[in-house]
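Take a look at the structures below.
Shared chain: chain A. Partners: chain B in the first complex, chain C in the second.
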Partner chain A sequence: MTATSPTDVPAPDLATEGSEWLTRIARSAEAVVIPLIAMVSAAVLFSIFLLFLGKSPVEFFNLLWVGGYGSAFSWTNTLVRAGPLIFTALCVAIPARLGIVVIGGEGALVLGGFTAAAIAIPFLGWGAPWLIQAVMFVTAAAVGAAWIGFVGVLRHYRGVNETIASLLLFYIAVAIMNFFVEGALRDPGNPNKPSTPAIGDANMVGDIPGTDIHWGLVFAIVLAIAVWVLMNRTRFGFAARITGGNVRAARAQGLPVGRLVVVSCAIAGACAGLAGFFEVAAIQGRANASLAAGYGFTGILVAFLARQNPLAIIPVAIFLGGIAAAGGLVQRRMGMPDATVQVLQGLMFVVLLVSETLYGRLPFFRGKR
Partner chain B sequence: MSKFDLSRRTLLKGSAALGAVGLTSGILPIRSALAAPLTIGIVYVGPRDDFGWNQAHAVAAEALKTIPDVTVVEEENVPETDSVSKSMESMIQLDGAGLIFATSFGYFDPFMLDMAKKYPDVEFRHAAGLWSDANPTNAGSYYGYLDQGHYIDGVAAGLSTTSNKLGFVAAKPIGTVLLNINSFLMGARKVNPDATVQVIFTGEWSLPVREAEATNALIDSGADVITCHVDSPKVVIETAEGRGVKTCGHNASQAPLAPNGFITGAEYKWITIYQQFADMLAKGEELPNFVRGGYDKDFVQNTAYGAGATPEAIAAADAAKADMKALKPIFVGPLKDNEGNVVIPAGTEHAPYDVWLEQTGFLVEGVVGSIT
Partner chain C sequence: MSAALDTTTEARAHRAVSLETIGMTKRFGSLTALEDVSIKVEAGTVHALLGENGAGKSTLVKCIMGFYQPTSGTVLVDDHEVGIRNPRDAHAHGIGMVYQHFTLVPSLTAAENLVISRAHPPAVIDWRKEMRGLDEFLSRMPFKVPLDVPVSSLSAGEKQKLEILKQLYLDQHFLILDEPTSVLTPGEADEVLGLLRGMTRTGDLTILMITHKFREVTEYTDAFTVLRRGKMAGAGKVGAVSVDEMSKMMIGDATIREGAARTPMHDQPVVFEVAGLFADGDEGLPAVEAVNLKVHAGEIVGVAGVSGNGQSELVEVLSGQRDASDGRLFIHNKPFVPNRDHMDRYKVFGLQEEPLRNAAVPRMTVGENISFRIFDKPPITTLGWWLSPGPMRARARELIASYRVKTPSTEELMENLSGGNVQRAVLARELSSQVDVLIVANPCFGLDFASVAEIRAQIMEQRNRGAAVLLFSEDLDEILELADTIAVMSGGRIDYVVPAAEADRTSIGRAMAGH
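== the complex of A and B ==
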């Protein structure tokens, strides 16, 4: 699993000067068309799987549409699920630009959410809601940044594989949360589900007016755009991409590779930590074991589908949010187990990884006919 | 390609029709419709075939499906976050559900309560004793006293053991779990004063590796009957069966997993409650907000005796079932905890409906293990 970007492929020989714009369009189209082909292939493979089970693919994809995008309610359902996926996908996409595969965003989400709920406790009762939210927000981002930043430190200074380290740190994050939630910070009024004390309705982040979608979605979209600007339009982003392309070359140029790795991981962790903040401040109202709902892991799929492009993460998160939203309807109408949707997601992921090998090999996108 | 166009057209038609169905069910009060077809939505936190908590509900759902004019829609593996709000809302909007059973502890607050406020014409019921007067009146709780099943398990185990050492693999040291451990010991001690129960807490509701380790550790320390309170008892029961020791079940029937050593098991009987609710709605009656009970109301049961139960054990357990049906208290003073403190003074007893039981925060004398 390597994260490549279109800039990695060698420049094509241009036949004429005049066809340059055509080549540029063709090369951008490649980044869209290949994932689309991959998705259609996955859909075809999945249809065959359904036919073997004696189920109708037409009905399945119809339900996918109805449950994900067929009505105002379905859109709400989809967008509510897309918000946290954008945050956690950014946690994968940012380090991926440096060739670092972080899959433990769920850990930063859990710890960010937990520390946000914990830091709010001394403020409850006297602090203004904006103050409490601000403190929670900063705490969640900082803790998330420290958590994944530590993965970067391990990777750069100790040579520890960041994929394994971040995954294992997820289990440690859950254990740390459980330790406090079942001990020192346990709400005595909640005997059968260990949780931190509730932050209270007044301190919760509200919904976007006229919808059931909380502000986390808007913030996630703004953040994704900001990250895109950072990675594509700043010196930091340029240096990060150089490092991802060739570490030795980056070092030879005098780029601070270690700092780039750690800072990128920290920014990534902050994104996942913020997913935890919104999970606590907009949804749960307290921290408990329900924080680990799997958004961090689905975010990996989102980031890879989006080819680690922060802007592409937004539509892809909405796409996968829609599949998740429709998953329930598929279960109910077709009497299929929940694993059905996971099979579809798994097929998509595998086909996508296979399709990575196609980049730069299809002459059409190289401006040759 | 023409096939795709065709399907897209039917797809759009279908979605429009479904949208209309969702709208009507949102506007028309389903509750007041007498003997109208009822759609019941059930949400599970794990897989329906987990040999445990979720399966106990799913078995009841299967029975509900046989009632005429009742449609059951189910969703499994729904996490305790706003996913569950949206799953419930989707059942209401897209399937026209008029009654929702939310079966996991964490679904209640804030998710089910929010939905109950948003959809006042839909009935919501949650499987734990959490509802209070402060909550919406179209919401409620239902719960079974599974500790009575564990007490019966204890009676049968107490007469099926030869080492007098019983083992208990438990998830977290919280009230309901501690009550089940204590009830198991009380049952065993009733028929076998020498019996002890060794408990190991795994710390999580579902941690299969740790559950297997705990089971093996208990057997290695001499236990010859193993039971548990974890989300899915499958691993515990299979591990114990593999080691050749006897087992008692929890939540659902694990009898098929242990053909040689299964004694009996504490099981919920949710269908009693579900069927009552469906019948009441069909007659246009208001559902009660809080329903709880044990053997007296047929809300819990014990799995049919397996090959591990001795004839004496079966006779004693049947007698104990009659006691439970007659609401005979399990916890009668004087009773000490396993640190020597008196927890129930002489002359005091706690009958099945006593909320004191649900706040259990100790292990009774005879249980080997510690909460902290």
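== the complex of A and C ==
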């Protein structure tokens, strides 16, 4: 063995711009391939489940395709569902960057939607539609922000586990809405289902011209891009990533950890609150128990599948929106319960969590050191 | 029962064994951790195993203990080849190991710890009989430990003695000690090593000791073996080989940076002041009590102490990771709060122990990690908010080159770098601009000689440029080498502060023990 002379130490491993690109591409490829492997595995497991029930997996996946993406009609159904999923997935993805697992976005959605419907009542009959919509929009975002922001406050200042707290606050949110919807704010003209008074067709958010899809989808996509920019191209996002990656290092850098946690949770809550706003202002026209339709919980799956990346959330939300849209078709054609697609979603989630252990272990992505 | 059995036990109890490895090689995949290492430890001697971190010392002893199966090579005990497949086999051959950190059950008494450590303790323990046996056992031992108090209330020295007693109680006559004095005060270390050496002299024991303290080698061992990069780099009798030659064997032909000379400083102002600081530990108990310190410009104040006496809590308070329960900090006589604004304004920087835990984000890139101090300032951040990755990478490339951080690119994740390179990246970040106050904690822990020399030289350079440096270290030699003023922390308090020129090991050792 020849002795290494001290002069040749620094030369071999200098950073170059070319190798920077390669490293980044390899890492992105890993973040795509591993979730794909997980989805295929989940599909295989689900096929076994179907075979046990005596159903044909081929028929199921074919119906899934037809019901989700097979026609203009199914695309409409899919995209209408994708909008709220983007919002609620952002509610998971933003705090996740700080290492905080918020699973109660549904609560912010419900309360945001309800307060938006409630604040509109005094304006009905005289306010211009743009004014009513603006007031509803701001209210829903602010209430959602306060709701999940409160989770951040509990977590940072009182050490309360944010996952449990946000989940329990969801039940409280539903209770608050029911209290008003079945009491003071109940619309007397709607005896069957307790609801707030309708905001009226004139005040509803319209559809994208030439489609039956409301503007919520466009807004959700713009918001996802904006959140990506916030997290990756601003000093706020950078500080948030330091905090999420190592809170001890963040404190040693003098970063305001508490403020970052609370502000991130508030932004997340605002996203979920906006999902509620569009459900009320573009679809239901009023607030009632159907607001808690499970978008907040499916959004958790979307965010995890997208690896908490706001841009990846957009296609993933469309993917899962399609599965949800096909649920009815599967139910009718195969004589299977509506919950079948939820079994599929649950399987996907479990397999996805297991696949987390694969990162950094696939030799293909390791490259040469 | 029978007289014959008693005499064989008696005979075994006074028999130190010799141990030899022949051609030990251990490969982990493509990495050769140990290559053709043959060492010989004579019966009844203390043998030092020397080498830098990563030289293969622990791989070798793990192969001897049966934690690893060597790729090739054999172990001889008393010149007979023995097959050791697992630690239980090693114990059966009388080979025991004392680890760097304690393996006792804190809530049990010493007696209980000893009895449950046996391979086959009885299902129902007859304590009266066991205590008689233990008393008889202790009467043959050179050191005593109170048997009936919980281990948690023993001092570190007593715990270390108990660990060694445990091995002797299990009838092991070949002890492997892994840096046995790292948790002891100098006084305790001398006592334990002296007693162990006494036992080898009477032929009761053979010892193989991993250490990196040359003082312990020259004073307490008979022979030594040096490993470097997994290979034998030398061996010999202590006394026949000088310390310089030993360290050359450890380091090889790598060049070690010369220690920076100490520029004389006179009548410098106080820059950093800690006044009446109190803080609680993780369990809510007081960990730092009424600490006062003054650091002048161009001065290194070294805080010595045995690990766990409040140093880490104090460092955490000073670097903003822990809230103080009382007390103030001042820089240039103005109140200092360890937040980002004040750190920037007063140019406060830090090098903390375990940088991956305290100073870096493992899952962010090297380029991002190097930019933690400057990401929110121009040219990286413009318009107050907008962050541009271009200037960030450009600056990172400069720092990576000038601090010789070995990384494929700025985009590599920090967690993929080796320990020395992580520390170097942090060094590049914290020391590349004007530093007025520097807080350092065990900066060289786990690094090789070349990195250690480099880091110590950098710290000295900052001092010479006029920075006020507060250095916490569990390595007394590091403090003695670098500090202008030495403070000793014990039981959460700092009651002993002397100029380095007037310091001596004995009084520092006494202060570390809390006297």
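Quick notes
Keep this in mind: the second predicted complex is superposed on the first by the 343 of 369 C-alpha atoms of A that agree within 3 Å, B and C clash if a C-alpha of one lies under 4 Å from a C-alpha of the other, contacts with A are read in each partner's own complex, and residues count from 1 in each chain.
Going forward, contacts are C-beta pairs under 8 Å (C-beta built on N, C-alpha and C of every residue); 3 or more make two chains touch, one makes a residue touch a chain.
These numbers were taken from a predicted model, which means no experiment stands behind them.
By the touch criterion defined above, A:80 lies against chain B but remains apart from chain C after alignment on the C-alpha atoms of chain A.
Once chain A of one complex is fitted onto chain A of the other, the partner contacts of A:284 are limited to chain B, with no touch recorded for chain C.
Legend: residue contacts after superposition of the two complexes on their common chain; A:168 is shown touching neither chain B nor chain C.
Of the two partner chains placed by the overlay, only chain C lies in contact with A:242; chain B stays clear of it. Of the two partner chains placed by superposition, only chain C is touched by A:251; chain B is not. Looking at the shared chain after the overlay, A:362 reaches neither chain B nor chain C. If you check the complex, the residues on chain C that touch chain A are 252-255, 319-321, 338-344, 350, 352, 357-364, 367-368, 372-373, 375-376, 381, 385-389, 393, 396-397, 400-401, 404, 406-413, 416. Interface residues of chain A facing chain C in the complex, by the touch rule stated above, are 3-4, 6, 9-10, 13-17, 19-24, 27, 233-239, 241-242, 245-246, 248-249, 251-256, 367, 369.
Note for the complex: chain A touches chain B at residues 58, 61-62, 65-67, 70-71, 73-74, 76-77, 80-81, 178, 182, 191-194, 279, 283-285, 288-290, 293-294, 324-325, 328-329, 331-333, 337-338.
By the touch criterion given at the top, residues 7, 10-11, 14-15, 18-19, 22, 41, 47-48, 73-83, 86-87, 89-91, 93-95, 105-106, 110, 128, 172, 174-176, 203-204, 359 of chain B touch chain A in their complex.
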